[in-house]
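Multiple structures are listed underneath, in structure tokens.
First chain A sits with chain B, and in the next complex the same chain sits with chain C.
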Partner chain A sequence: MNAKTKKKIQKVWKVIWHYISLFLISCFVLLPYYWMIVTAVKPTEEVMQSPATLLPSRLSFTNFTKVWSSIPLATYMKNSMVVSLTATVVSVIFATLCGYSISRYIRKRAQRVSFVIMLVSQLIPGIVTMISLYFIMFNMKLTNTYVGLVIAYVVWAVPFCTLMIKSYFDAAIPVAIEESARIDGCSNFGIFWRVCLPISVPGIISTGIFAFITAWNEYMWASIILSKDKLKPVSVGIYDFIGQYSANTKMAITMTAGIIITIPAIIIFAFLQKYLISGLSAGAVKG
Partner chain B sequence: MKKSLIALGMTGTMILAGTSMVMAEDKPYDGTNLVFWMQAYGSDPSIQRAALDKVTADFQEQTGISVEYNIVDWGSASQKLTLACTGGEAPDVADIFFTKSLATMSSDEYGLMELNDLVEEMGGEDTWITAGKDEACVDGDWYGIPWRADTRVLLYNTEDFENAGITEAPTTWDELVEDAQKLTVTDEDGNITHAGLAWYSDMGRYDQTWFSMLAQCGGTLMNDEFTEFTLDTEQSKQALAFLSDCINTYNICSNSLDASYDAVTEFMSGNVSMVFGVTGETKNNILQNAPQMEGKFASAPLPTATGAENEKNGISFSAPIGIFKTTENADAAKEWVKYFCSEDVQLYMSQELGLLNSNCAVMENSYFTEDDWLKAFSTTIANSQSGDMPLTTWSQIDAWPDGPIPSMCANVVNGTDADTAIAECLSQIEAIGF
Partner chain C sequence: MEQQTEKVKKQNSFGSILNQWTSFLMLMPAIASLLIVSIYPTVKTIWMSFFDKSILKKEEPFIGLANYIESFSKAGTWQTIFNTLFFAIVSLVLGVSLAMLIATKLIKPYPLRGFFRAMFLIPWVTPPLVASIVWRFIFSENFSPINSILLKLHLIKVPVNFLGSTATFLGVSEPLIVLTIINVWSIFPFLMVMFIAGLQTVPQEIYEAARMDGAGKMATFWKITVPCIRPVITSSIVLELIWQFNNFNISYMVTNGGPLGLTKTMAVEVYQAAFTNYRYGYASALSIIMMLIALIPSIFYIRSSLKPEN
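== the complex of A and B ==
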């Protein structure tokens, strides 16, 4: 066997191992989702069977109709959508303005300090600030309001979003373009608004996706600040199925609700995936 | 004509004024709004909402008081009640637990309101089971009116019993072992393939099983005043020995240290014939998740050590309804608590949510005493002691897996002698304080 053939075989093996690793990691990551879907469509008598069956003996979709009458799922999803979209829009506005300012107008040293402050803020566990934040909101009469939720989500999302979008501005937007616009008489805000924003869409979208998913998945704050049923987001509402001692007699319907709840996030990822990857990699590789 | 009109007008005004006075006397809190927090119960969230819709509507019709109920999830209930007692958002009335802790953290301004007058009005402390008083009464003052309750019974597979020629549920520990031995199937190496018996509390958590056993042989966890742990007794050692022997000597139940092991799931799958210490909700759980088991299972009071009657041979748990000091409508709130905790409403809620009740009269209703599944619960609860100790540090003392009591039980099962395990447990409890 000559060296060329040997190299070729090695290359093929490398590709095979690559795909085997990908397959195993995918199985590991997707197993909980698989289990959620299979439990939702299993016939009732098989849901809690021991040992568990990997495949249902027949498909049953009755849970997909029952789930809407078991809990006010539509109301919960509407609440989640309103809060998550508002928090996303506000976070993106603040993060974009802040990220651009840090990227372009602050001196190197100040830039580093602001960067460190934002990084440190990410190191503080959210639970540490929760009680003080609760009493601030309570005294401002913002408990049991969407505003109280949105403010907290924006406060938590903005630092990381700023870091993301700043990296994007640093790496993906050449300063030369802005200088050309300045020569043509564009103001500072004009450069940001007319030149930088339109070509930063991938970065902005990836930032927005991060803010949306953070707000959509959040449970702890929402469960503390809200007590009115009609305001509950879906992350809290799904707990209606959990009884005392964490007992759940409606496992299949809970899984069905889980599937429905993940659909908005999946749709967003599916449509905006290419922006997300390019937005993240632009900052990560070159920033 | 003019005089007649004036007289008619005056008469009408007087009638209207009189009617509104009568109405005001009938409904002194008409137009009052209350907020009520309640945790999630029952097998279907929509059933709880429908039941609360009916009860609040009936109450509003009778009193004019509107009650806005909110279902609080179990995951955040403790934080919410803690915040309510320490200056955060509080409802007027709430379904509470850990009453002693909440009462201790309450201040003059915030927290739980003392309800001794309401207790007297509702018939005094004998109205409720012992666990109800132990949970709601702190240092002689009542901070809630007991409502829901729970106790532990034996669940068994009637088909397995029939096949093994067993005609009645065991009433003593000896019978329990004998029956479980008949029902247990092992492989050639002696490993259990079908367990005759399983403890309800899974994941190697033996404390609650042991509490039941302690009561069954006439012991108690603490003295009557809850000032001293009574662990170093013959009954305590007898219960620990039985707990260990069922696993290690008789080989009738699995040493369920596997975190994924769930006794009722195994029962539903036909891998276990008896489950020791199930709760009232178990029936719904089985019917919802294993409809093929319908008609093939039954409940019975847990067997006692010797079959001899001892006064409190079961354990029970209770939770009260409390009023917060921050309410602006204390009297209306008391009306709501009185109504909600009344026998009729409690019976209705028990039926709808599949719960047992702390009110002795409710538990004596034919709904409980004549139902094949529930009568074991009504028998046990009438003759039970409190399963949770009314201590502020109880959640630490009974914390799973490393709290002193769960550790003591696990150590004995794993081979430590009872005297050493008890001594270690008592010294750990002393370090925590109570």
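== the complex of A and C ==
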């Protein structure tokens, strides 16, 4: 055996090991989804069997029709979508404006103070604000409204989004491009709007993704300010459906609902994943 | 000639003033909303922590530090603080290791890279509620696939009640360890994305040069990769540590703090004090204690964030 073939074997082993390790990690990552699907398609009499069977003895899709009449899932999903999308759009607008200003005018006092405010407010535990925010919202009659949710989600997403888009502007958009526009007599806002924004789309998309996930995954605040069923987002709706202790009897239906609400997010993500990484990557130099 | 320039100046004066203020006005939507909806309520919560505000009473007397003294005198509070620190720190260490392992694998241009990247992101977009309920069943006594496998392999005789036992492992209650593992599953995708994004900025030539010099795998990782993406690593670790310290979902949704408060995190304790028992003053004091503990890594984070700018 000469050195060349030895090297080749080594290389093949490296590739095999690469996929084996990724496969093992995948098992851990996909375990909950496997169990969700298996539980949802088990026939009714098999769901409550203990010890649980690892694969269904036969496929039964009755849960997928039953779930719509047991939980107002369509309403819940619509609520989640409306609230998350609105919060995303507003957060991205606020964060982009603020992040650009901090990135380009960091020499000014107002921008430096704003930068510190962003850092500090990112570190305040959500629950600290929630206690008194509840009273503020209550007095302003914003409990049991979409507005009350959106306002809070925007404010919780804005600090991270601003810092993210700021480091994107810092690293990915050279100031030199803007200088030539300034010489041509473009106003400060014009430079931002016409020169900088069109080439910052990847950064803006990845910021938006972050804001969307924050809102989509939130549970605590929604559970505090919402009591009307027709306004609840999916998380609160399903939690209230199963309650803390009756989970076992509603296991199959809950798993089915879980599959239905996870699928759209996964599909959207499969497409946006590329933008997320490239948008973050451009700003990653500065962290 | 002079008149003309005067005219032009006058016409532009409003525009030029606006132009000067642009940078300030751009800050305003974000900063104003933060001050009103985040900073102001925080100050109010600090204020409330000195009062005996509760739904049961009409008057709200000023009681000084009594709320703080009450929370520190309860053994449960100390247990909760320990749970929270263990949960946050251990899940962070494991999460960072796993994320870094995956990131260094998925930066190589092997086939199926995009597929794996997308797949490992799925936990991030799964609502914590859905994930928590599935994990609750996976680690349940009667309906757990893990128990089925262990029983089949004759490794155990009776099913293990992962989330309900009060047994300890190395001094830490078993349910808390299980919860930490679940949390690793839910936090690693964010870290992985940050690390991949960071690794993409490292020029390949540096690795070539290192290989020429005969640097081993470990040496390359610690001497080249880590220093190159240090800013990303530091900021994502500190942020994630604070987020996990404030984590509410996993503890509340998987075990609801039980058994016997062994898995209760501080966020859950505050939530229950405020919105289950309606003791707002006491809950405020607890939440402020929580914020003060989180302040320690925060100072580190703010200092490191401000450094390169000044």
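Convention: the second predicted complex is superposed on the first by the 251 of 287 C-alpha atoms of A that agree within 3 Å, B and C clash if a C-alpha of one lies under 4 Å from a C-alpha of the other, contacts with A are read in each partner's own complex, and residues count from 1 in each chain.
Note that contacts are C-beta pairs under 8 Å (C-beta built on N, C-alpha and C of every residue); 3 or more make two chains touch, one makes a residue touch a chain.
Please read all numbers here as calculations on a predicted model, not as lab measurements.
Peer 1: Here chain A is shared; do chain B and chain C fit on it together or clash?
Peer 2: clash
Peer 1: Just chain B (first), just chain C (second), both, or neither: which does A:115 touch?
Peer 2: The answer is second: A:115 touches chain C but not chain B.
Peer 1: Specify the partner with more touching residues on chain A, choosing between chain B and chain C.
Peer 2: C
Peer 1: Now for A:106: first (chain B), second (chain C), both, or neither, which partner does it touch?
Peer 2: After superposing on A, A:106 lies in contact with chain C but is clear of chain B.
Peer 1: In the overlay, answer first, second, both or neither for which of chain B and chain C A:29 touches.
Peer 2: second
Peer 1: Classify the contacts of A:176 with the two partner chains as first (chain B alone), second (chain C alone), both, or neither.
Peer 2: In the superposition, A:176 contacts neither chain B nor chain C.
Peer 1: For A:251, is the partner it touches chain B (first), chain C (second), both, or none of the two (neither)?
Peer 2: both
Peer 1: State whether A:138 touches chain B only (first), chain C only (second), both chains, or neither.
Peer 2: first
Peer 1: Applying the touch criterion given at the start, work out whether A:71 contacts chain B, chain C, both or neither, answering first, second, both or neither.
Peer 2: It touches chain B, and chain C stays clear.
Peer 1: Counting only touches as set out at the top, which of chain B and chain C does A:242 meet: first, second, both, neither?
Peer 2: Touch partners of A:242: chain B and chain C.
Peer 1: Could you say whether A:127 touches chain B, chain C, both of them, or neither, answering first, second, both or neither?
Peer 2: Once the two structures are laid over each other on A, A:127 reaches chain C alone.
Peer 1: Where does chain B run into chain C after the fit on chain A, at 4-12, 256-264 or 418-426?
Peer 2: None of the options clash except 256-264.
Peer 1: Could you give the residue numbers on chain A that contact chain B in one complex and chain C in the other?
Peer 2: 48, 50-51, 134-135, 219-220, 224, 239, 242, 244, 247, 251
Peer 1: Could you pull out which chain A residues touch chain B in their complex?
Peer 2: Per the stated touch rule, the residues are 44-45, 47-51, 69-71, 134-135, 138, 143-144, 219-220, 223-224, 227-229, 236, 239-247, 249-251.
Peer 1: For the complex, which residues does chain C have touching chain A?
Peer 2: Those residues of chain C that touch chain A are 15, 19, 22-24, 26-27, 29-31, 33-35, 37-39, 41-42, 44-45, 48, 98, 101-102, 105, 108, 110, 114, 116-131, 133-138, 142-145, 147-149, 151, 159, 185, 193-194, 196-198, 200-201, 229-236, 239, 242, 245-246, 248-249, 252-253, 256, 267, 270-271, 274-275, 280, 283-284, 287-288, 290-291, 294-295, 298, 301-302, 305-306, 308-309.
Peer 1: In the complex of these two chains, what residues of chain A are touching chain C?
Peer 2: Its residues touching chain C are 15, 18-19, 21-22, 25-26, 28-33, 35-36, 38-39, 48, 50-54, 93-95, 97-98, 100-102, 104-106, 108, 110-112, 114-136, 151-152, 154-156, 158-160, 162, 187-189, 192, 213, 216-217, 219-220, 224, 234-235, 238-239, 242, 244, 247-248, 251, 254-255, 258, 261-262, 265-266, 268-270, 273-274, 276-278, 280-281, 284-287.
Peer 1: In their complex, what parts of chain B are in touch with chain A?
Peer 2: Residue list for chain B touching chain A: 37, 39-46, 70-76, 79-80, 83, 87-89, 91, 262, 265-266, 268-269, 271, 279, 281, 284-285, 288-292.
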